[in-house]
Structure formats: C-alpha cells, structure tokens
C-alpha cells in the first residue's frame, strides 16, 4: 500500500522545531511523529495556550506535513522503572523529575501521558507512541535467583500503573502504542503476550512496531506483525545491522558504544541493516494496517542528514499498490 | 548478454490484446510471449484466416514488439492429467472440453498443440512453451502405497501421448519447452531427468526454465541451467519469496491463498524474491543460451501495473556484455 | 518422564501376531500399538467373538505387553479421499471395498472406525490412532487454479463425515488421534489448525504426533507439541533423514523409491534421522502428556530386526525423571 | 588428556555434605569443587576450628575425593553489585547481610573472599572460583542513555574493590577464577578483555571457563579458551540447549522459568545441549590446561540423580591421551 | 551391509609388522589395508622370495586377518609430481630415489606400482590404493596466470604416465584406486571427472573414497559416492573436524601444524569429525559396493591406541543389514 | 567517510596509458592506482628521464586524476617465489628476467621495488602496493609431509629478502602494502599475523586490504580490518561471488577457468559478489583509515567497460559522512 511516511523527531530534538519541519518537508516526508519534547511540542503549554498550539499546527500545514502520532517515550519510561536514577532524570526533564522522589516522579509522568492523550485528541491524532518502563527488566539475568512471584508482580505492577492512564486514553478515543524494547515491560514476543494478558487486552493499549530490537533477539519482525495483528497501532522503522557471528562479538552489546566495530549489532539507517522490511510491509498489508510508516533514524556511522532522506527513499521504494484481482483468476478467460 | 526481454501474456488475458500490446510497448519490453488464449491469439482462426493473423502481426510490428515464443500451457495440461475435472474444464475452454469425455478432451488438446506448432512456424517462431500434465502427479504423497510399476507407467504414458505431438513439432521445425512445475510430468531435477529419458531425449522436447517452483523445492535454478544445458529452450522469470522458516509455515502451501502471510512461500514480481537471477543469467551466458528473457508476472501483493515494469527494470539491470578477453590475459603486457 | 514404549504393528503385518508379540516382548517393549489388520486384530470378530478377543488379551498378558492405543489408519483414509482407486482397494481389504462404489466404501469404513472405538473401550484402550483422508489433498499444487470455495468445502466435507464417527467415540469415551500427514485433511501446522476449527475443536478429535512428515515440510515437531498441547493424544516415533541440500534433490521425493540416494529425504529408524527427539520429549514433559511413546519403524536401508530394537534403545535413552525442585532453589541454603 | 572430573556442589546444597560426598564417590567422580556454603564448608569455622576442617578432609579422603577448587560465588556477587536487594540477601546469608547496609555487606563479603583464599591455602587448593558482581550490568539495555563515563567507572569500581582481595590471594598463592556470566563485570569476550585490562592483567585474577552462558550470547566457548589461554584457571561444565529459532522464542529468556518450552534456551545436563565440548577439551589440551573438569549440573527437565552421573559419563568419554608423535612423522619409515 | 573393517597400516609404519598385526587382531579388525613399506611388506622381496611372502600370509592368517587391498601411496605420488624435492625423497625411500634424477625416480616408482599389482594378484588381492601425483597441482592459486593449455597438458601428462601402469594392472586383473586428495591429479569432484575423462574411463583406474579432504573443500562425500558409483573401488575412513567459522581460521590450513587450534579444520579419529558416515555408508549400500571399510587413523589430539579401536567401534555401529522387503509392501496385508 | 575512489590499472595494461586515463576520468574516478608496467609507467625511465615523468604527471593532472599508490605486484612476486618458472617470466618482463637465473631475477626484482619506492617519493605518493611471493606456498597441501622447520624457514626467507627492500622504503618515507593473497607469504589471518611477526612488525610493511581472496577462505574481510587496524595502508576492491554450495563445486577452483559455472567461486565486478563492502567501509571508518578506495576490476562474465563504472557507482553509494554527535546524545534535550 502506498502509505504516508513520517519522520520521528526524537533524534532531532537539538534542532529548532522549525528547522526539523523544514528539513522533513524538503526531503519529501508526508508528516511527523512528534516527540513531546518541550522545545518541540510542550504538552502543558499546548493544552493551555491555544495560540501556541495553533502556531505549531500552522507551521506544519504551511510545509504540508501531517501528524498521525505523538510520542512520549521518556515520560512513559519512568512509570514502572525501578529504581529511578540519573538516567531517568536526564530524559524526563526537571518538570517531571522535581525533587526526584520516585513515586512523585511516576505520578507526574503519568499525568503527562494523560495530557498527551488529550493533546492528541485536540490535534486530531489517534495514537500516542511510547514506553512503559518495567519493574522487573533489571532481573533479566535471573541471577541472583528471582522467584516467579516477583516476575508476576512485575506484570501486575505494570497493569496497576497503566490502567488509570489507559482510562484517560479511552475517554479521549486515543490509543497508546508501546514500542516493544529492552527496558520495557514487553521486549519480545512472549513478554508482549504476557503484558497484553496482564492488561486484559484492553483496546486502548497496543503496540508501536519497531523491528530494531527484535532482530538481535531473534524475533521475526514480520511474523510479529501477523501474530499481534489486532494490536499494531503504529509503525516505526529503525534498522539493525547484525555483524558476522565470529564467536567473539556478543549479543548483548558488551557495554560498547554504538559505533564500535566489536559490537554484535548496531543501529543503522533503514535499508542498511538486516530488517526484512519488504516482508514486514507485505505483512502490514495483509493485516490491513492503515497508518503511516515513521522513520526513526539512528546510525552511529552515517550523518543523519544523509541517513534520513536515504531511509525515506528506501521505504518509499517498498510501498506499492495491491492487485485488484488474484493473478490466477484470469487463467480461465475464453471468449468463445 | 544483452538479451531481449518479453512479457508473458497469460496473466493479462482479461485485457484486450491491443491493450496488452500497448502496455508492453510503453513499458519498454522488446516483445511478447503470447499465451494462445482465443481472445488474444485464436490458434484455429489464425491458421484459417490470414487477415486475422496478419492483423495480429501488424499490431505487434506497429508497437515494435517481437515474438520468440508462443505458450499453450492450458491445452498441454490435459494431455496427461488424470482424472480431468472442473479445473481442467475452466482452463481449456469449451472448444477443447466439448462433452468432457476424458480421451476426447485429450485428443482435442493434442490437436491444439500440433496446431500451435504450425502457427508458430507461420509466425516465424521457434519455440512453444507449455505444460504436459501428468498421470502420476497425484500420487506425490506415496500413501496409500504406490508400486513403482505405476510410476513407471506414468512416464510411459507421457511418452506415448507426447511423441505424436513432437512428431508434428519436428515436421514444423519448432521445439516444445516444458515448464518444470508441480502437476507436470517433470517438477524437479530427477523427474526432469527421468522425463527426458522417457522421451529418449528427442530434440524437439526441451525445457522452459522457470525458477519459481524450483526454489521452494530446494532446486538450485542456476545449476539446473548448467545440468540441462542442451535442453534450455526458453526462459521465464517469475520470482518466489521464501518466508523465514519459523517451524510453522509449511513447504506445501497449506492450501492457503497466495496472499496469506502464513504460507511458507509465495510468488512475487521478479527481483522481489529469492531467485538468484544474477547466477542464473551468468549460467545462461555460460551455456550459450541465445533466446529472450520472458517476464511472467505473478504477485499477490503488488499491482501488475507496478510489478511488470519493475520486473523489466530489474531484469535489464542484470543483462550486460561479456568481456572480450580474460582479465588475467593482460598481466603479461610489456612493451620492452 | 520414564514413559512406556510400544511397538506399532503396521509394518509387521506380514508376520503372525504371535510372532510380533514375541519379538516385541523379547526386545523389551512395554506394549503394542495394534494396527487393526484382520490377521492381527480383526475388529468385527473381536466384537462378536469373546473367546477370540480374550485370546488376544491373554497372549499380550503372557508376554507382559500392554495396549494404550489401537490404530486404524487404512479405514480412515477412505472416509474423505476422493477419488478412491486401486491404492485404496489394496489397503482397506475386500470387506470394506466390496463393490468399490465410493460412497459405499466410505460408509463401510466409517462403520469400521466406530467399531474400533467400541473395541478399544472393551479392551480398556482410550485412544484410536489413524488417518482421515482428504477431498482436497490432490489440489495441493494449486494448478490448474482452485477457488477458495473448493478448499473451504474440503474442510466442511471432513467435518460432515467425521462428526458422526466422533459421536460414537464420545459415547464410548474414546478419543481419535489423527496422524498429521500428507494425503490427510491436516498435514502441517496451519492445516491442522484449520481442521480443528472445522470440527469445532471437539474433544474427541485430537492428534497422533508423528514427526516424520513434519521435518521435510519445515514444521518444527517440538513446537508443534506445544502449539497443540491440548490435542496431543498419542505419540508415534518415526524418523526422517534429510539429505544435504545440493540443489538437485527435491523436497517432494521425485516419485523415487524410499531407498533411492537421490531422494531429498527418507524415513529411517528412530535415532538415525534429524527429528529432534530430545526437544520433543522435553516438550511432551512440559505439556503433561502422560501416554506411551510408540515406535513406528520404517527404514528402507536397515533391517527391521535391527532397526526396531535400536529405536527402542534410542528412545529409552531419552526418557528420564524430571527434577523434584528448581535447580536454583537451593542457592539460598544457609544453616546459620 | 585424561583429567580428573569433579562435581560442583552448589546445586546440592540442600543435602547433607556427607550425602553429597557419598553420591559423588559412588558415581565415580574424582573430587569436588566445594561451594562454601556454611552447611557444607563453613569458611569461618574451618579457619578457626582445626577439628572441623580435619573432619571435612577426612570425610573426603575416606571416599577418595580430592579438591582442586573452592567456590564462593555468592559472596563475590555482592562485592560490586548495585543496588543490593532481596536477591542478594537470600544468597549471602545473614552473617554477611547483617543490617543490609550496602557498603557493610560489601565489606563483609570481601572479607569472606579473603578468608576463602586462606582456607584454600590451608586445604592445599590453588583456585577459588566465583563471581564479582557489577555496578554497570543493569545498564545493559543502554536505554535510558548511559554515558561512556559511567561505563568506564563501572570497570574502575570493579578494580578498586577487587584489587585488595587479590592482594590477599597473591599473599596466599591462590588464584581467583571468575565465571564469565551475565550479572558480572565480564559476561562475554570483549567485557572479559576490558575487565582484565581494568585489573592490569594481574596474575591472581583469571577465569573459570563455563560455556553455558557463552552459547546463547554467540560466544564460541572453544575459541574463548584459546583467546584467554593464560587466564583459564578452572573449568566448569554446564550445558545449554538452544531451541530452534522460530522467530518467537527470544534470546533474553522472556522472564520465563527455566523449564518453559517457550524460552529460547535453557540449561541442561552436560552432553544434552549445544556446547561443543570436544572442541573445548581439545582446546584445553592445546593451551596446556592441567586442572580438573568440574561438572555443574543444572537441568530443569531432568532429575539431578540421573543428570549428574550422565554428565560424568559424557565428559569422561571425551577425555583421552594425546599422541606421542605426529601422525605424518612415520610416513618416511624405510628399513633399507 | 555388515562389511568387513580393516586397518590401514600407513600410520603404524614405525612399529614392527607383527605388532601391528597383533594390535589389529586384538582390537577386532577383520583385516589390513597394507601400506607397502619395506619393513612391513617389501614388494620386491615378496615377489622374489616365496618364503617371505608366505611368512606374511601365515602371520595374517594366524591372527585371522584378511587383505582386500594393498596401498602404495608414496610411489604413486612421484609419478606425476613436478618438481620432485626433499619431501619426495623422504617418502619413496632410497631404492626408488636413487640419484634423484626426476625421470629416473618416476620410472622406478612406476615399476614399483606395476610390481604392486603383481604382488596383489599373487596375494589374491584385487585392489591397490594410492596416489598419482600431479604436474599442475602447484598452480592451484592460478597466479601468476596459468594458460588453460598448461592445465590441459597436466591431465595429458597424467594419462601418458599412468596408462602403461594401468596396462599391467589390467593384465593382472587388479584395479587401482586413487585417493582423491590435494597434491593429486584429482582432488575434488570436477577434477575427478576430468581425470577420468583424461584416462578414458578405463576400468582399471578407479577411486579410493576417502572423505577427509572432501569435507573442507565443500565436497559432499555421500553424493560423491553416488556420482562416481561405478568407480568406487575401495573405502578409507578418515575424519575431519571443521572448526566453527569465526572469520579468522582459514580453509587452507595457514601452514599450521595439525594440532593447532587456529587451523580451520584438522583430521580426527573417525566418528569425532563432521564426515556424514551414515549417509556415506547408506550410499555405499545403494551403489552396491561390496568391499571393506578401511580405517585410516589420523588425529593430532588423540593417541592412536585409543583412536583406532574407537574408530572401529564407531564404524561397526553404522553397519547393518538391509531390509528384505519395502516397509510399505506389508500395508496391504489382509487374511480375508 | 566520503573517500576518493581510484581505478587500479593492472587489468587495463593492454590499452595505452592515455586511454586508461581518459576512461577513468570520464567515468568519474578521482585517481589511479598505477601498476608499474613499462608501457604505463616505466620505473627506470621515470627515475632517469624527468620529462617522461612530468609528462605522466601532466597527463594525470589534465584529467583531474590523483595518485595515492603505485603498484608493483609482478616484481614482488618473484622475490620469494621458488621455483621460478614460465609464469614468472611472463609477468616480470625481459628486463628483470634476463637469463632467468633465479637469484639474479630475485635481485633485479628487489631493485625494481626499491626504485618504485623512490619513484613514489618523487611523485608524492606514500604507498606502494604489491606481492611478496613465498618460498613455502607450494607446500600448502602439507603432503608429502613438510616439517615445521621448513615452514619456519619460509617465513625467515621472507624477512631476509624483504628487510633490505623495506630499508629503502623507510629511507624514502614510503610504505609497502602487501595484498594478502594465495601464492604470497600471507594469504589469510594467521599467516598475516605470522608474516608480520617475522618482519618484526616494522612500520614500513603493511597491508593492501583486498577482500576477494578472503571470502572463499572464510576470512571475514571486515574483521580483518579491525584486527590489523594499524597495518591497513591501502584498500583494493575486488569482489567474489560464492556459488551455492552443492557438494560438487569445490573451494579450490578445480583448475577451471574463471568463467566456468562449475567453479565454487569467481571474481566479479564490485557489488556483484558476496563481499560485505558496507561492513568493511564502516570498519575502515572505525579504524580511521584515511586513504582511497581503489577498484580492481576482474569479472569473467562482464565487460570491463560496464564493470568498472558500475563498481565505481556501487562503491560511491557506500561512502557517506559520519555523524557529528551520538544519536542518543539528544534524548536529554529540555528547554525548561
């Protein structure tokens, strides 16, 4: 299907919003997936200050860009994460962090998410993408031993904290799309299944398909789409390049920087890695996904000013119209 | 080698012939592999009505299209198939089907094939592509048990029924090119070998190389070319995309429609699948094949109006001139 | 789990039943999965003639053999198969074949299956293993084109014909276990899913796990166990050896005999092929399967007198007790 | 080389030491790698109470068991881990945990490690195996973003805390062998390299080769031996079974219990998994390793009473004498 | 098939023949493939001195050992090799080397081969195994460039030198079996094909199947048997262990000694490597090979006194009787 | 990094230099890697005849071409090769070959190399690429047996012969870059390591990275760059296409011509083979390589007039700017 292609703005947060809008439009993107960073789209202000919001909308319209999704990954991350530390303080900003008392931070972040749903509604946007954090992610090594009761509690904690947020989403008619990702309550197929069970498969809570972390975990990104067909609410394209398995590079990244040639995998501009995008896009067609493809550019070895338009070109080359009839339906044509 | 590229018309039989000709010419094809459907090229009429035939030839010439092969897959299918059923009735048309008595149908279809050879000759075409059908294909599961004598008889039945047809081909100086394919007497390497043995390797009977059904059967399409070098009479390019092996998608298609994401493989526009076309075209160079490349478009996920020109572009990108000398022949250059 | 191991008698039908019993007992089998061949266990006679049945039971008891399942593959095959031909006549025997009128044959075979359930009940056996046949198997190549309505009708035909048989099974408290297999209504994962849907997942209808035909179709036999955990009613061990993929041996067997070195795969004594039996047996433990492992010996290159006891030894070497506690539960032991 | 084979006692800590000794001797082990659990070998008491220590030594001698290594994994774990939580409290025991103040716990655990070196010396044992913990393990997902300075500090923290412990090991002439493992400062090849750099490759600090966690991280266990030839101080054999990659089972375990068939890998008795033990043992021969092979039994699907002796048999089957001369040295034999 | 298993004596040439005979008999071998080393079996003397020969035969008979093949690899090597150097001098012995003039050496070696055929005949042995050498092997890198005429000449040189030797073999009714091997005129599939062409497929010249050098060259040893079915005259079992491909170990051995862990592959006792012996033995059954299996022990990491009997046990475990009937021939049993 | 791309002239030696310059400039190359063939760049004359040299330089400048490296592969080849034969005579030319006395040839070739360094200096060129030859390459099969002392001597011979040449390179401030290649002292990873050891890792001696011969030897070209980071002095791009492994095509080329479809691999225009150029170029960025990419065109199936510009286009498509900052460095942007 010839879907719209958007640019995810999180990796461009250091540039003025006007500049990002101009770049995206010049490169030919159809819209933006706007990360709710205060300097780009200040959620509080946008809800309080109509002129501010209208200014943003006018800017987008002037450049012919549309918005199908807002992102608020950072606020979502702290809702379940435990403990909270310097990393969280850096991403949520001082307004949410405040005095840093964990439950206070979590409460303020939850409010931000609810507000993001409200803002989405006002902007005519149906999806908010983001993270959930996780109370049990850090037990991933399973040593020292972790009883299953602790794991169970992690999923329940997630449901306890996210159900009230989802209530607001339901009220606004907006859906949340979790990016399945290490550090989150769901990071692979079976944790996604369990997380959806924990929250009773409520419709407000779905998934933002991003294949980049699936690949190195051996999760097939295309099958994931079919397996969770009714929960694919948004699509982010980030690519991952797997190094040749040499028995020395590891699966876990070895705490090495993203540009180290000794990592077992790293992120690259979409089209330069091993994600089977054609399989995935064909699967999106098959399940009837009707949203945009958003390009999340991350590549430690290529300038974003080359990577973003290249990714756009690559993605567009894989979007086409479906046939109007089965190819073998014409084999029985006879005009006698 | 920079060979001509043709479009196989079978998948376009619902369109007026004039429209197919126009499309092919506009897209830049060099010619057509014409499927002998009555509404496109009525064999009986073309042999009887010179004006009709000349009209066809004029139309092609006006658009600069040439013909290197006619196809008559449907008539060939019923020559050996047993039993004949509603599927055969649908593809052969009422003229051949008549009252549906099997031997009558087979006789009329055999006549059509002979006529196709005669028509080819009159059009200056040297090759007819097609199917043979098979009396033993349906025993493929080998359960309930099938004695080898029954298998042997299947190959003999094929030779008995096709030798008289090949006699006419010989008389006309036209060669038949079987598309190795499930449902046919030859569907993989060893059945091809056995079928050629059965018909005593008579020169009239050769092969239409189509890699699409080889791939999912683990047959290497490029090696196939070298192994059957003296029997490659025509080349059809249809591509097959193999799904990631997940232990659930099966090799046999699961009786699922072509666009199901749960199939283990499906057909796609040439260049979008796993057929090693570059290896194959290099092999065609190596064996000295001097015919055209014909594009058979089938893709349940892409419009034919995008798929056909894209396949043409892909195939053309893999056709080049061979070198005039060995690259290491110049290492001994000295001008002293 | 240390489960009982039985010998499936179908491949020994040429020997007197007494001889099979003696061999199985001597080799150390725990019991038999008895194929209901008239010369081994005549269903009609056993239901009518108490002395005959008691004789069979006494014979088994004398040799210390138990029965957990009866098999009636041949009768089941003709219930849905269409058309019926010389192959079916050979396997069902003259009593069922009669005059060969297809619906008559199907009706008599259905009766035999019901009787087999009754006999099982009388012998204290809870499972009947077997085949279903299929009206649509022969359309597997999907050419000439087959409309989806024809496929749908194939599954419905299966349900229509098997529901009345299953009613008798329900009445007797016996369950039917279909061996997923080419030629049957279910031959891979997605056809199994569809067949179970067609028959409304009624409890009487389950599966006889036999991995041998899964392997060459890329179906993971161990995952199959977990995916269909609640329908694994019996386990047959036949092994398949996959040849090195050389681009010439095909997946479909090339109509070659079982002992040809040019086949892409063939059956071998359990333990000599590529079936991941340890994974499978661990999966059986995981789903709580509590039945026997039955050895179905087929190997075109090894004498059955060597293959059967070797398979028994191999299977026994993979049966062990499960642990009483989690291995990491003892890491927190302190006696202070 | 025909090396001694020992049993690692950590997984048997729920049994009385006398029982473990008896079992190991009965099964034919040559000795024990004793985990310093208080109920098996109380380090404090053994250093203070000669009779107690002698009792332990006598018991071992009576059963013909030798000791080449002591283990103190649990105490090592808390030296660098941060934060400490309920999991650590469970494994270090109340004596080390005390009031739970982290720096106090770390200090007491460090003391225990020094004492373990002293005890090893008194028992004539040259190696202590164990864990180090890690301040940075929990940042493994690298999101929220972690500056490289934080990673650098993690390695420095490790060196700062372990150098004083290693000073005591040096004084006692005992070496520490870190088991490369998730949760530790070194868990793969490049983190091992970096950890050894951080501690200046001091000789006291080496490695306990345990392949089980290497496998699922794509680390080649045999190459690891050759790459770190001068730091392989001890060998633990635990095996890992990798599930068929089906695009759904994940590399990270999905927080699933060890016996779940939906995990991507799990531990199994040595010889039942995918560790290339023969390659590894040949590599040990090549680097001149002259210590024992210790069997660490963990298998969520097999009773330890079957798994331990089976692992011993498997390992013994891979220990043999090296040749006395090159095989091609005799090709030039002539007696003329 | 339960074939005899013999020990190839080349790797035991440093031991007295009596000792080798005793060892082989004690281990349970059925016979010897005797390498014609002067100290074991002096060809000249055996032809001249009846008592000597009878002594050898008596010794063998006393220990119950038979001989199906003599080997004379060393003499064959120098027939085509060019240049001859210190390596050849070492293996052919002073009698053949003489003054070292190349054509003289080649002539004397050719004589030795003819005599070996005569000796074989006198001993009732039908096969002589060996090498041919090659004039073109050393051009394997193809740089500096080598014209095809030079290659052609290499094959012709082989035919010129070996045809006269084969004439004697024909006269004696003995066949020569070339071990396909680097350094020889044939070292893989296509060079074997070309070598057989060069010598006009004369029946005297066949092959000694030894899979060890096929493996690292990607030649499938089992397919090789079927492809050259009519030329498999003898079978040598030497195994090769392929290291995990880590992108650093090379295919060519890196001029490293056989026991280096940095080689990409090395020889190991049969059963410890990657040769698919079961596939191969099944293929031998399929082609009707009726000779012995000879064990050629080479393993730089295992004592020959352990490796040889272990290889014997491994090979015997893969020899079994073939079935008397097709397994599915009994499915149609009915006693009605 | 957007590096310059040059054309290696060795495969164009049959054309006048002016023609090669014109073609390269027209196609858009940035410069040439000039092979010192007398008709292109006569080293002796260029050192003696300023006008000649200036003419060459002017010609290059007029076409906007730069030179970063001279090549003198042929002269280097004979420095260590032994024996020298017709192949060497063909490539070194009559001036070096003279009377063909081996030590004389080697001495003259060594002089040529020293002169090449001097010429490079005068042309402002810092690198000379080339071959070394090898005294031990021809023992690659290791049969007849080769003692390790002979191998050791081969490496020492290399150092003995090349150290004096390197002394001149040092004096001129020019570096030699060996192309790792069969026939040379270093042809894979471990021989490269050993060769560098032999020559004491002197800085003058480094490597010309050419991946084409690494691929079929299983050497990972990208890892090679990182492993030998401080010795990558130049980069040549030649590509290799690996045929599907069918168990018949061999790794060693079977003495078949480069265009045979029965070879296991062959050279192709860069971008048409299996070399992971993107991985390699990313690795070059990671190690800080700052030289050009030189295209060495060899393709037995494609005209060089199509292959060279296609390779240039392919290589350019993989050269891009690196990012100015880490992509995750902007996640902490807040403007509050």
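Observations on the structure shown:
Residue numbering begins at 1 within each chain, and the chains themselves are lettered A, B, C, D, E and F in the order written.
Note that in this section a contact is a pair of C-beta atoms (placed from the backbone, for glycine too) under 8 Å apart; a residue touches a chain by one contact, two chains touch by 3 or more.
Predicted model, so just to flag it, every value in this text is computed and none were measured.
Common neighbours of chain B and chain C under the contact definition above: A, D, E, F. For the copy pair chain D and chain E, the superposing rotation over Cα atoms measures out at 120 degrees to the nearest 5. Ranked by separation of Cα centres from chain D, the top chain is B.
Of all the chains, the one whose CA centre sits at the greatest distance from that of chain F is C. Note that among the pairs A-E, A-C or B-C, A-C reproduces the D-F interface, with over half of its contact pairs the same by residue number.
Across the two candidate interfaces, E-F and B-D, the one carrying more C-beta contacts is E-F. Here chain A and chain B face each other with different sets of residues for the most part; under half of the interface numbers are shared between them. One finds 46 Å separating the Cα centroids of chain C and chain E. The geometric centre of chain C is 62 Å away from that of chain F, both derived from CA atoms. Separating the CA-averaged centres of chain B and chain E is a span of 47 Å. Shared contact sites, meaning residues of chain C that touch two or more other chains, fall at 74, 90-91, 142-145, 220, 223, 244, 246-248, 257, 262, 328, 331-332. The touch graph of these protein chains is complete, with an edge between every pair of chains.
Chain contact summary for the complex, chain F toward chain D: residues 142-145, 328-329, 331-332. Those residues of chain D that touch chain E in the complex are listed here as 220, 222-223, 225-226, 276, 278-279, 282-283, 285-287, 320-328, 330-336. On chain D, the positions that touch chain C within their shared complex are 10-14, 37-39, 74, 90-91, 93-95, 241, 243-244, 246, 257-262, 267, 272, 297-307.
Every residue of chain C that touches chain F in the complex is listed here, in rising order: 244, 246-248. On the side of chain B, the complex with chain C involves touching residues 74, 77, 83, 87-88, 90-91, 136-146, 148, 151, 154, 181-183, 187-191, 194, 216-220, 223-224, 227, 245-257, 262, 264.
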